[in-house]
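Shared chain: subunit A. Partners: subunit B in the first complex, subunit C in the second.
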Partner chain A sequence: ALSSASAASGTAFYEQGKIRISCAVYGPRQGRRSNARAGSFDCDFRYAPFACSWKRRSHVRGADEKEISLILEHAVAPAIRLEAYPKACIDAFVTVIESDGKAATIAAAINCISAALADAGIEMYDSVAACSMGLAGARWVADCAQPEEDAALCSMLIAYMPGADEITYILQHGKTTPEQTDQAVQTCTDMCARVYAVICRYLQSSLE
Partner chain B sequence: MAGSVAFAIEAFKRIHPVEFERRFLSQGTRHDGRAPGQFRALSVAKGTISTAHGSSTVRLGNTTVVCGIKAEVCEPDVKTPDEGYLVTNVDLSPMCSARFRAGPPGESAQVASEHLARLFAGGVVDLRELCIESGQAAWVLSADIVCLRHDGNIIDAAVVALMAALENLAVPAAAVESGVVSADRTKGRRLTLRRRLFPATFTLVDDTCVVADADDAEEQLATAAVLVVVDARGRLANVWKRGAGAVGRQAIAQCL
Partner chain C sequence: MMDIDTEPVAADVAARIVTPGSAITSDPAFMRGHGTFGEGATIYSSVAGVVERINKLVSVRSLKQRYSGEIGDIIVGRITEVAAKRWRVDVNSRQDGVLLLSSINLPGGIQRRKSESDELQMRSFFAEGDLVFAEVQSYFADGALSLHTRSIQYGKLRNGTFVAVFPQLVPRSRTHFHTLPCGVDIVLGVNGYIWVSKHVSAAKVEANAEHIYSDCNEPISDAEREAIARVANCVQLLNRLYVKITETSVIFAYEESLGHAAKDLLSQDVAAELAHSVMARLKQQAS
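The block that comes next holds the complex of A and B.
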């Protein structure tokens, strides 16, 4: 769901099955380096303490939260027209309220940031849609939930811009053969296009 | 014509927020059309987070707050071997408002956490129900309140959220075998809540007017706020004044 907030430039609340993620985008606002020719995009990712099905997380930023922050930055930054915002910085704050499968949560976070950036009116080349898959036996299964992910041999995360037909981020964990990876990339990009259609529909309906 | 009027109002609100509010308050109303004593619509949903043992989502106007409670096993305090713990934490992140910074909890979050902890320590939950085995193991309930959108009056929303999450909480059935605690999440039991708390915050705006349930724009101009908490039987549980302004005795009587 999208909403116009009083404080943040753009916000989005994304639900995908049991995954619930909230994102707020601030910007463009004054950047840290005054001589930068292009804007900078920073992402801050965190889990709420009750978000994961295992132990409660502490408030100190874990290393995996920092890693995921970087993944989100690298996945979404290529879509933003940063050269249109010199000396400015765009900040995205993502909080996972409920998580279900790590790769699926990261994919959902990327979708959420795309929606929030569009809500904020930031100039972008295209929206980024992301999708995750897991290898169960010999078949690729889309959007694994936590128990499925624990049982999977390999997981794949792809962030894709359907309009430009470009993959902005690809991450694979586990063992596969090159043919399986190839097949996964194909299927994943098709699914990203479908997620992209959903995001676009929402953006259009929110304008009316 | 209508467009330029709307723009002028928006500009006036930004440039002279105090004057903007005064125009309304002097007429006995508020900028969103409420009466000074009127609260915003409150909606509570319980059991919204499946990963937490107890949860609730509360919407107070535009302020949205999620409370999740997770139960973990720990050793009880030596002085109170039959009791568990209830730890509350309020989380105000940059996501809900530009006023807060990323990183460790800021001052307002810590103050809110402290106050909530004291409020709920006063006999809402019987801590002895959290005991698994006397002196050996007990449950610690970590209640985390995450603010998703901040439009004023976080404390009221947080109290309601925590109350609802405690009502929703199902503590897993636990058994101790030779020093190892095994818990079964599918068999949960509810806690008996001895008191139900209902909060109300009254804010002194601009030294003159007392309004109930201030939203963000009004909170910015507030000099002081008084929180009154009553329980189901109408008895007073807590009165707390915060803010640097002085509140007259008449105003306090009005709140009560």
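The block that comes next holds the complex of A and C.
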């Protein structure tokens, strides 16, 4: 969604099932470390206090929000052409308006940041698409809701660049056998390719 | 696009909409421009935008682009930091611009030499938060813009209000400082920063050579404040509806807006109506 009244360089709003996330990207602008060869990418992730329907969160940023901020930085930064922006910094501010399933929310946040970066005209090698899966018994279930995720034996999140055919981030909670891991990676990358197609279609239609 | 080029691959390269990571062409004849990167023999797009081809140069232009300064650009900037013998200026670009102490006019009218005491009282010239009207002189090695205010029309901005617009809506032209018929001065910075202020005649500015760095505004009457607010709102609504911001379009917008109160100009329907009538008048004037 394009907003000309916003002060941000690029914005995006992403909806996936019950998950709703908005992201604002500021930059490239003057960075804090003035002797840097390449630009820096910083991400600030927070839940709105009303985002999780099962409990009310404090407006103070918690430790899990700080951890997710780092996860998002590691997942998205490899896709940005930071060497084209020396001494500059790019800031992404992600706000979760409604959440459902922690791994699915992180995957949705990665997709939202990709769309916002493309909206801001920031140079990237490729858009990053992400998706999450939970192991229920012997089957992998995509985009688990919170109760499904609590019941799952293992949860896996993969961030993937389909154009470059490279995985940028894998996050796994729980145990799997090697075959199950292979299966998960295969299914996740296929789903990421489909999410990527949706993001690209949206970007192209917003340019027309 | 030149019609002399008759390569068969040219047709599928230009005017395509691409997303980051899409391959544009593998033809080694093409050179990479802005918004692209190369891997092996293939040119890929690095932004979401439209492919443009000029002879052998392929580039991708995105909707939103950060202002990147060129030498000779007239801009408005805000001082963010006072450092040793220089000021760092926010110019709406990837990096802050630099205004060197040796690039400003020292008060006193006549050209006098920079002294050590000038270096120690830099905040008496420009302090953090001040707005400066300057021209881009050159680049530093890392790409930061070097600014100068070595002319009587440049310097500290006073007596008005600030509006930020998209940089691509301000075209480069011969002059960027205009006096509108309604008695308001406007500075159209090419970087998208615009200053709307009370009209002060050039003779008065020259007579005040001692006070070019003063922070005191002149007394501004209610009618002048209303005119300034009206022009500022006109610039805002031209920005929201993607109309190019020039002296002519601002004058047209001001004239069309006189039927409404100044504070109502930014509501959606009034803004859309005014922007359409401005675009109609501009088209009529061009034909």
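Keep in mind that, in the parts below, the second predicted complex is superposed on the first by the 202 of 208 C-alpha atoms of A that agree within 3 Å, B and C clash if a C-alpha of one lies under 4 Å from a C-alpha of the other, contacts with A are read in each partner's own complex, and residues count from 1 in each chain.
Definition applied: contacts are C-beta pairs under 8 Å (C-beta built on N, C-alpha and C of every residue); 3 or more make two chains touch, one makes a residue touch a chain.
All of these numbers come straight from a predicted model, not from anything done at the bench.
Participant: Since both structures carry subunit A, what do subunit B and subunit C do when superposed there: clash or fit?
Facilitator: clash
Participant: On the A-aligned overlay, A:Leu203 touches which partner chain: subunit B = first, subunit C = second, or both, or neither?
Facilitator: After superposing on A, A:Leu203 lies in contact with subunit C but is clear of subunit B.
Participant: Mind working out whether A:Gln30 is in touch with subunit B, subunit C, both or neither, as first, second, both or neither?
Facilitator: In the superposed model, A:Gln30 contacts subunit C only, not subunit B.
Participant: By the touch definition at the top of the document, which applies to A:Phe13: first (subunit B), second (subunit C), both, or neither?
Facilitator: first
Participant: Does subunit B (first) or subunit C (second) touch A:Phe93, or do both, or does neither?
Facilitator: A:Phe93 contacts subunit B only, not subunit C.
Participant: One more residue to check, A:Ala118. First (subunit B), second (subunit C), both or neither?
Facilitator: In the superposed model, A:Ala118 contacts subunit C only, not subunit B.
Participant: Have a look at where A:Asp126 lands relative to subunit B and subunit C in the superposition and call it first, second, both or neither.
Facilitator: second
Participant: With both complexes overlaid on chain A, does A:Cys52 touch subunit B (first), subunit C (second), both or neither?
Facilitator: first
Participant: State which residues of subunit A lie in both footprints, the one left by subunit B and the one left by subunit C.
Facilitator: In subunit A, residues 5, 7 are touched by subunit B and also by subunit C.
Participant: Across the complex, what residues on subunit A touch subunit B?
Facilitator: Result: residues 3, 5-8, 11, 13, 18, 20, 22-24, 26, 44, 46, 48-53, 55-56, 59, 91, 93-95, 97-100 of subunit A touch subunit B.
Participant: Can you check the complex and tell me which residues of subunit C touch subunit A?
Facilitator: 17, 19-22, 35, 37, 44, 46-50, 62-66, 80, 88, 90, 94-96, 142-144, 164, 166, 239-240, 242
Participant: In their shared complex, at which residues does subunit B touch subunit A?
Facilitator: 49-52, 55, 62, 66, 68-70, 72, 89, 91, 93-99, 102, 104-105, 142, 144, 146, 148-151, 216
Participant: Given the complex with subunit C, which residues does subunit A contribute to the contact?
Facilitator: My answer: residues 4-5, 7, 9-10, 27-30, 79, 81, 84-88, 118-127, 161-164, 199-200, 203-204, 206-208.
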